[in-house]
């Protein structure tokens, strides 16, 4: 696993170097109004939601699943919170409500996948479509702007470092701890690698699957709070749009296979950072919007060729 | 993703007894049949509920409006059957419309445009398939890069939309074929159906097709069995690229324009159609016909929405989701009961 | 069964239903922005007020869905069809069908690109290029030494983005003003904020932000504040749309100038629809009443803003 | 003998961290049956895969029909005339039996596959090895033994110069084996070179002309079968003397309470309702022919399949088996015969696989402490002689026999009350097999009840206190400890006494 992570790290370093070459001040960080200010900090803060969602996605993918609904769930979380605050509610209550509702949505996904046995991609596609509708229903299609200093902290606040990244890293730490210190990681992987064998060994596959979908939905919810809090507004239509793709990409770049089984949280962290750095790079080095996508395509291909399993096998003397 | 651990023997053969004579529907056809039954049922519900729903033309429109999606789903079926996925199809559709429109605008002859577009799509598919096979990179990531690339190339060609004024294209686009009963269809539908037939032939009656299923069932076994897995693994992406380009041509007939934002997210529609049609994303299980029915199901959902008439934007989304759920839940129930 | 190609021979142009009520089919693009939702709402309310039965469909930002919706309206034999084209190309075939079915078509927002102008009766809406121009003109007049403009574009390839860019560039051509960085913010607040954050670090001197809509401008304001600068003073901000949040910021002096793009064209549309169905002549182009706002104007206008 | 058709010299194959083969020489002549012998993990399968181009060579040379060759994959080897059945079933479960047999060489008419001709041809090939199943049925729906036969049918369907069979008989019964040997002899007489791997010494002596013995990835020797006694063979394989297979010690004490009682348990289409009693401390053997329903009985008792008639009593209390977990909770464990699909979790390490069942029972919140896990792993690696003795190696990379040992260990660590073992010695070498049988006997002596299923009748009779005989998906008899192989055989084959009568006649005596 260590070897595999080497390449994403190199890719990240390469991107950063590219930035410094074009914008020499890229690494400069200064203290501004009591918090750190600089491009690297932006990358961390803006990458926090993707990282968070990718963490949930990693566990889902490890069980051979996939969750397309995370973007919609994020939008719902933002919508619920903002409408509640806009109606004069307490921000904490509002956020609690959003998290509770999203946990329910996770249960729903888990139900479709583990009880009804619907293929995950389709099961979550249902909520991906309907979820955005629900979010818009809540906001009535308007962008709900709120003015709550408390709520602002989640996405735009700082405790020296951006609070958003602190939350995401805390969740990363928590997941790492929980999956390593308990047997959750082992059971998730065994369900992902061989569901039939796991069933016969007595693993509660259903509970495991349920857990990961709820966890993914909760991660999406918190990410949704960050996204909406960052601009103090809930945009039901655009919040978290296509973020599921970014999250899956982050997981895959991090070396976790979509076929389920072994996963790497560190890999996911790197993947999310690479994706956000890539986005920021596009803005910073002034790539024209028309060729942005071509640039991204080239980088993605380069990253995955660098870490291609075949290369690694060649290095170790065992060709395909 | 294969849920059932125990698979019932399809026919109980005992050494002494010869093969049973009773013809039963084999289990693997069930999802397709279930999808079809649900499709028919929904159409029935629509007919009762909405005036003018149960007309031949509404049915024909289902094909007219989804001809390109049918072609995409056909290509996607090949890929999914091998256990892969192709996220680039939507963008390749856009790129195809863009190439077609701008080449026609530049005065290329129509036939050359068609050939160019098909070659470009297949070429991109070949490149993606090669990377997937040669470097063992996951299809998801490679085709995602392909998706960025194709969409990016659209913008490079032109940010603005380009309309197609070529008479041959217009002729094809506006021309219609009259069927008995006053129902008309477009040439696009005919092309799509030909593509479906070709796909069925290739999948079921050629070695290439059977190897597609074998690779999806177990790639390592297929390799150990000495099958041409390399050719198949790359081939399916070429087919999918070709189908995307063909779908792109149909789409440019449908729209008579090339635009870089055409077909955004259409890859998901194509994947959804294939999966609704009973294919397993893990590979090895599924039928082209199922994917076609899957497209019709998605089309029917659209039609129902438009017949309902006055749904607000958000209810539209919610109802689409709910109908999709109803479809697959019903399909599951039918498959389980039998 | 209503064939798509040959129907409509039975009824004339004024084929109002037996009860005399006009039915309009409206194929909306989607609900991608607050502006669009206001537009939808206005049309729905006006239709009710005018006693017109509205069939509404949301195309989820997809042109093919709009085409399908229009086709289904043709089958349902509505009296008049209206829609806002997402793109200007690609409508010929379906409009031809409508024409053959004798159903008049009204465009809102923008025209379609077709050699055959008989395909639609009229179009009602804003002129995006003009909006960009107005923004540029104001800047020219109020530059006060400002030179470096950064532009927050709308979604790459979207018509308003292309036109507002073009109009603005035309207006500032030949002056000291220069667009030093331009990037898409996808018409969203987070997009605007992220892009602006990056600009603030990579572009040495920014005097003006030109955002293709209010939302991106609002996002940029956040980024500017976080950088320790004062929006509206250190960096001038010009946006398009004039939705309520934008007007509030304008009134507060955080935005300097907004070009209005009016979504409330429901009443005008219904009026046109009645005339068209009745067979009266209508002008081929109706421009919606749109204005521009400065900070002072915003303060007086703000209480009246509905969207 | 003339020129060898396959001549491998100085073959070395390496995997990350393992030297699987070191400088092995191997020759195979036309018209001979050559047995490749060695313990689990000795490198037999690796040698075969090196020959057919699955694994690249680190060193050495392969000559085929006199020419140096280097195949880039099984396809090339096959095209050159080497037909191979690899260890474990390597077929496509989602396709039909006929397709699996003829994939890549389907009969065609006008360029398209002729489905009818294909099924006919497949039926013919199946008949040739004595298997009568519907060629149009899906392969997955058949038990592992049938799949193994299908793989053989595929291999013998072509005119090959070399036929390689890697443990083809591991789940077959005497009848099927006889059938297979008949075919092998015919092919041999036609001049085909047959390479054959098995852990059954009787089979080796029955069929092979020559043999090559490997140990720890190295060549030990090449011998004429007739010139090497069993004892010498075994010590060549093990590298040490091995005591004569000791008679398993019969327990003197009477078995305890009835632990599990099945009353009229059955499932339509798979097993007719049967009664069965298993007591603590006894080993009950389940004997029968391929497809007689042994596996089905085991699955019903474990709840892997749902019974649709009868009931199950555990410790005298009725138990509703809703699934494997319900069974595990009352102390029933089941090791499946299909280790690839239902046994190992290939990507996980030996340690993780070993504690999986224990962990599942504890739930995710109470992880097995690392220290305990390490102790258990060390203990069972030693007890069952799992090789390589590396707990962190992915189980999928272990040799077949060693995977089987890990599976057995997985259940042993949970200390179940009733252990159901379906073909636990499949693919296990002689030494380890004796080891496992002894473990089973010891466990029973400690009070565990064991239901033991094996295709090898001698083994069943040897380890069991009582043998239940199945025929045609029905329980036909129960024989107590004194019964010999011949008695069971008679019942299995349906000869001698009439099936139904047998149950009454041989009423259980314990």
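First chain written, first letter: the chains are A, B, C and D, and each begins at residue 1.
As a convention for this text, a residue touches a chain if its C-beta (ideal position, glycine included) is under 8 Å from a C-beta of that chain, and two chains touch if they have at least 3 such contacts.
Protein names from UniProt, one per chain: A, B = Monosaccharide ABC transporter membrane protein (CUT2 family); D = Monosaccharide ABC transporter ATP-binding protein (CUT2 family).
Source: prediction; values computed, not measured.
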item: Higher-contact pair (C-beta pairs counted), B-D versus A-B; value: A-B
item: Farthest chain (mean CA position) relative to chain C; value: D
item: Computed distance of Cα centres, chain D from chain A, in Å; value: 45
item: Inter-centroid spacing, chain B versus chain A (mean Cα positions, whole Å); value: 29
item: Length of the line joining the C-alpha centres of chain A and chain C, rounded to whole Å; value: 33
item: Two or more partner chains touched - positions in chain A; value: 136, 141, 196, 199-200, 289-290, 292
item: Residue numbers of chain D (touch at least two other chains); value: 304, 342
item: Residues within chain B bordering two or more other chains; value: 5, 155, 159, 312-314, 316-317
item: Chain-to-chain touches, reported pairwise for every pair that qualifies; value: A-B, A-C, A-D, B-C, B-D
item: Complex contacts: residues of chain C adjacent to chain A; value: 30-34, 36-37, 40, 153, 156, 181-184, 186-191, 193-195, 197-199, 201-202, 215, 218-219, 222, 226-228, 245, 307
item: Residues of chain A that touch chain D when the two form their complex; value: 181-184, 186-187, 189-190, 193-194, 196-204, 208, 261-262, 316-319
item: Complex contacts: residues of chain C adjacent to chain B; value: 1-6, 28, 30-31, 37, 40, 54-58, 60-65, 67-69, 71-72, 75-76, 87-90, 92-93, 96, 113-115, 155-158, 162
item: In the complex with chain C, residue positions of chain A that touch it; value: 22-23, 25-26, 32-33, 37-39, 42, 46, 136, 140-143, 145, 156, 227, 230-233, 235, 237-239, 279-280, 282-286, 288-290, 292
item: Chain B-facing residues of chain A, complex; value: 64, 68, 112, 116-123, 125-137, 141, 195-196, 199-200, 236, 245, 248-249, 252-253, 257-259, 289-298, 300-301, 304-305, 308-311, 320
